[in-house]
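Okay, so chain A shows up in both of these, paired with chain B first and chain C after.
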Partner chain A sequence: MKNQFSKSVMALLVSLLLPLAVLLLTLKVAAHKGTPDVVDVKLKAEHISSVDHSQFEILQQDFETPHDVTAACLSCHTGRDEEIMATAHWKWEREEEIPGRGVVSVGKKNLLNNFCTGANGNNGSCMRCHIGLGWKDKSFDFADNRNIDCLVCHDQTDTYFKQKGQGGMPATAETANSAYQVPDYPYVAQNVGLPKKNNCGICHFYGGGGNNVKHGDLEEALLSCTKEVDVHMAMDGPDMACIDCHTTERHNIMGKLYSVSSANTNRIHCDQCHTTTPHNDKVLDNHFEKVACQTCHIPIYAKANATKLYWDWSSAGLTDDHGNGYSEDDADGNHNYLSIKGNFVWDDHVKPEYYWFNGTVDHYLSSDTITEVPVKINSLFGAYRDSTAKIWPVKVHRGKQIYDTGNNTLISLKLWAAEKGEGAFWKDFDWDTAARLGMEYNNRPYSGNYDFIASEVYWPINHMVSPKEETLSCTECHSRDGRLAQLNDFYLPGRDYNKSVDYAGFGLIFMTLIGIVAHFFGRLVAYFKNR
Partner chain B sequence: MKRLFVYISCLAALMSCQTQSGNLSVDDMVASASKVVTYTTPADLMKTMESEEIFSVIDVRQSNEHYHGFIPGAVNIPRGSMEFNIGTEAFWEAEGLYVPQKEEMLFLYCKKGKRSTLAAQTLMQMGYKKVYVLEGGWKNWELTYPDFCDKNLEMLAGGPAKHDDGGGC
Partner chain C sequence: MEKVKIYSRFERFWHWTQMMLILLLIITGFEIHGTFEAFGFETSVRLHSAAGWAFLILTIFAIFWMLVTGQSRQFVPVRNNIKSQIMYYISGIFKKEPHPVKKTADSKLNPLQRIIYFGLIILVFPVQLITGFSYLFFHYPDKPFAFEGLEAIAVLHTLGAFLLVAFVLAHLYLITTGHTITSNLQAMITGYEELDEETETATN
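After this line comes the complex of A and B, so read on.
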């Protein structure tokens, strides 16, 4: 009798407790966290100059022009001019292979965009961000090493500026005004060093005509931000400079801007510091295969100041009663209408859009005709079945821009001129003349007929990394209306479902439970019967 | 008696450890409200606007935000005065409209959707049955229908010109 009782107890234990034990064991294994990978990360380089430039006699002269400063730099830093002249920062173009096109030249020199349409022909204004001195027109000599502007990247005094409207030249005695004075060249030349945040930011923060207009994740707030804005550049964190990640060899700066480049080369990857298994959690680490780190760790961008998300050129050109341009602001104080540029939509704390991206990009080239609407100024390559592609957060800038209805091509506009009457749209508000002169400068045909067409450009997001506490939670993506709702070329657990499979699964679970309960009662009945 | 006192003290201590409504952050409040509020998209709102349905679109932002850009036809009732104005005849008369009935559709929006979520919860508590919040708010509308937006330039310029109709001695 006693033996029978103990057998029944054992049966009860097996039928009820064993499934429970298996469940608990499974949960325990799933929650297991191994030993963290210890990485010897040096967050910030020690940017201490090995020499005191103020001691050099050659830098103590009264330089008359920035070209003379460059000559003095190169007299010691021999060979650096050749390095610089080989970079895209100098050439504003690079030869890259685009799948389906072969090797083509792409860069700011020859690409169009849906911000100010293109740099070429607007040199006085746009070439202020070239690392040369005085690229005012086609006569600029790219072979003359004295045209390199060493100071704009290496100035440590924050007193050296290129003047607006001077094609990348600082103010001279003739052009100086209250905003731009002639630089104190000996002082600046004697205080040079590795580029600081604002040496890079003076161009990369203000692209498109204002702070954070273009990138959305690169703006002046990064000069002194908190961890919430960017964990790497935070003043209350590692306070890293751009060049701590964008390492440089022979003046070639690592990193890729896909609005002007195409190939999967010269890129920076998070895993260079953080390894490919940084989470101490297998499930999360497995995401690395298909999800870019940025996707979870940059849940929003434009965290401090707004960025432009929409630009409608078609409404530009309205003037007041006196024929002058005017502006209107949105509720946050950003211009949402400018006579010279049209209507805008700005936003801050923006959720990115998500696309597959394998590191290669196609572009609308100036020789292309329009084949689709909206016109894709650039297109990110990648798909789920592409083993090199990952899900990437992207800022998409949409707009309407001018195009040639006769030739079916996007138009490069002449926007900038120093004076009225030179045909620049920003002075004369004449679309036809601005289109004709812009296309002439770029050696492209113009039929004389124009209209406006929708376009979009894709900017993969890399900066403004959030603290780990603010990364995306699982359900932000693994849910039916989550962030990846538009990426539907693959099965995503938690998002995708099939009613029949769901019913079958629930049915199996239900039947298993019934089986366990029936087994339990069977044992009970057997026990009492045998008793 | 002593034991009773100890029990009550323990109970009071336990209760004080619980989350009090006074400790809620604004995100907690929005998250809680979002569970009971119904959201709609700009496309669905546009469909309603093009239909014969009876509805009101209410911008719950402050008036100085509203004037810079709003959905055409929207009435501005800042969230702070929502409870006071939603059923007040004088307010709606001044807007040239009638007071919305509790069975009618109300579409609420703010800049990005948080304030309107809280305002919608309030209106639901007041008995309004068909309250919808525009997902993503004004920013989402502006990006979806950039050509269908309005501004109040007169108010941005300081309001209507004040006329001196004479009088005096």
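After this line comes the complex of A and C, so read on.
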């Protein structure tokens, strides 16, 4: 009896309790999840200026021109002019190597795009975002350090603005109007400091002719946003400024935009602050090898205001009964037609598209001819097999733009002029003249024949990082029709499977079940027959 | 008929632990495969990895046990009686004929079981372990050495999983074909099974 009891206890132990203990231990191990490290960085906002600029006599004069302010700055800040004049902010181009094409000089100065097609030749309007003073035409002197506009980046008073249509000059006594007054130079100059968000944003938010037109992830809402829009720049968060990440040494600002640059240099990475194992959890940290942080942490962009996703130039130029341009709005109040620009599609809360990207980019250069449709304004290099490539979220801006059917090239347009009659499309609505003058200014041949062609440009998304609760969950990608459905040069667990193996496998299971049922039925019949 | 001890304590512990782990691996594995939803993808990934480690450790103990006790010979296929065992399952069992091969403590598995279990131990388990741990450590090409990505590994691992599911189903059914419907199950729980006297031999 006692023997029987101990056998039962032993059976319970080895057949149930110990296996259960192993199972529970397994569950316990599986439940372990690391806690992310806390990031501790010193923000630029905590920087205390070592001098009080209002005490300097040289800044207490009545400046005649902004050039005089620059000269005053440089009289103390010696050598800074050379730093500035070496940057892409000044030159609007950089020498960069495009893989497979050698070293080229690319930048806003010479590249085409599928928004307003190109800056060069539309200087009055476009060069308002140049850090110089008055790049109105080819006569602008890039060697003259007095042409540097120190204030546009260093103004802390929010009273210094470049005037519309003046190629980067603030209002002067002659040009001042109700919207743009002559700046109070002593006041502005005595209150300079490190660039704030709006110093950068005045250009980087409004590229393409309006707020958030181009980037989709950089816009004025970031000046005062919640954590839902951007965890870094949030007012209810660390309220970081651009230069907290875009760290700057001697005016060389880290980070760059791949619509106008090519090489994998001078970039900013999240791991500068967050390390390469930020989750402190192996399953998640393993993704770092092949997935950019942005991919999971920016599930949607254009979270506050809409961004332009499609721009069809071919419908531009319609006028009302009086020969004037007009506009139409979509249901959200965004333009969906402008006579000067054509049709648009805007959207907010946009899911990015996903591509492999290794930090190098090719461009449609102004010397290129069109080889594929849609024309790739830029294309991101990268593939699964490329060990330096990661999956990135990308805003793809598609459109239809004018091209030269004779030379098979994209056309640089003359869009802007101060007055009617100068041949600018936005004033005169004449495609042929605008194309001829634009190409002429850019020293490119124009055959006289034009049509419109589909094009796309790829903008990797970097801003509008979401709170961790809103990051992508696994099955956003690891599922049959997830976000990476189009990115299929590799095997992704949860998405991919071998069709033959799955059919064979489920077939085998099915056949086994049929066999079991048939056999069991046979045994039942035999059982009743033999009884 | 005499109650004979045929499954040692370790064998039973091994069997039932393995059962729980394989069940967990199948559920979580097929969720990762995208076949159905169970615990949630992330939980399943974590469970599958942990269960994989537990299975590896258990397998090391089992190999150790087999080598030390010599019980590995139980799983070596034999030539005799394969046909009569097949005939038993497709006809004899319906005519209440006796099992063609006597079950003894020294020879617990019939010729067909030997083949199937040998296949599991020599082929399916090693393939699942090797592909499974490759899956864990070599996700990406070029890290730590050039590897043609995950596809071959994942497809092999899936194939092994299907074979295991089919085995589990067949196994669950075939354990009812013992002396009585539950005699095999009872033996695996208690270690003892009623066997014919003549077959009784010394057990370890």
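The criterion applied here is as follows: the second predicted complex is superposed on the first by the 455 of 531 C-alpha atoms of A that agree within 3 Å, B and C clash if a C-alpha of one lies under 4 Å from a C-alpha of the other, contacts with A are read in each partner's own complex, and residues count from 1 in each chain.
Simple rule for what comes next: a contact is a pair of C-beta atoms (placed from the backbone, for glycine too) under 8 Å apart; a residue touches a chain by one contact, two chains touch by 3 or more.
All values reported here derive from a predicted model rather than from experimental measurement.
K.L.:
Once chain A of both complexes is superposed, is A:I509 in touch with chain B (first), chain C (second), both, or neither?
P.N.:
second
K.L.:
Touch test for A:P99: chain B only (first), chain C only (second), both, or neither?
P.N.:
neither
K.L.:
Is A:Y310 touching the first partner chain B, the second partner chain C, both, or neither of them?
P.N.:
A:Y310 contacts chain B only, not chain C.
K.L.:
After the superposition on A, what does A:G448 contact: first (chain B), second (chain C), both or neither?
P.N.:
Neither: A:G448 stays clear of chain B and chain C.
K.L.:
Per the overlay, which chain contacts more chain A residues, chain B or chain C?
P.N.:
C
K.L.:
First (chain B), second (chain C), both or neither: which does A:Y384 touch?
P.N.:
Only chain C; A:Y384 stays clear of chain B.
K.L.:
A:L27 in the overlay: touching chain B, chain C, both, or neither? Say first, second, both or neither.
P.N.:
second
K.L.:
Contact-wise, after the overlay, does A:G406 reach chain B, chain C, both or neither (first, second, both, neither)?
P.N.:
Neither partner.
K.L.:
In their complex, what parts of chain C are in touch with chain A?
P.N.:
9-10, 12-13, 15-17, 19-21, 24, 32-34, 40-43, 45-47, 49-51, 53-54, 58, 89, 93-96, 139-143, 149-151, 154-155, 158-159, 161-163, 165-166, 169-170, 173, 188-192
K.L.:
With touch defined as at the start, can you tell me which chain B residues reach chain A in the complex?
P.N.:
61, 64-66, 68-69, 111-112, 139, 142-143, 146-147, 151, 153, 156
K.L.:
In their shared complex, at which residues does chain A touch chain B?
P.N.:
Touching chain B: residues 309-310, 312, 328-331, 336, 343, 345, 347, 349, 398 of chain A.
K.L.:
What part of chain A is in contact with chain C in the complex they form?
P.N.:
It comes out as residues 7-8, 10-11, 14-16, 18-20, 22-23, 25-27, 29-33, 283, 286, 289-290, 384-385, 387, 473-475, 478-480, 490-491, 493-498, 501-502, 504-506, 508-509, 512-513, 515-516, 519-520, 522-523, 525-526, 530.
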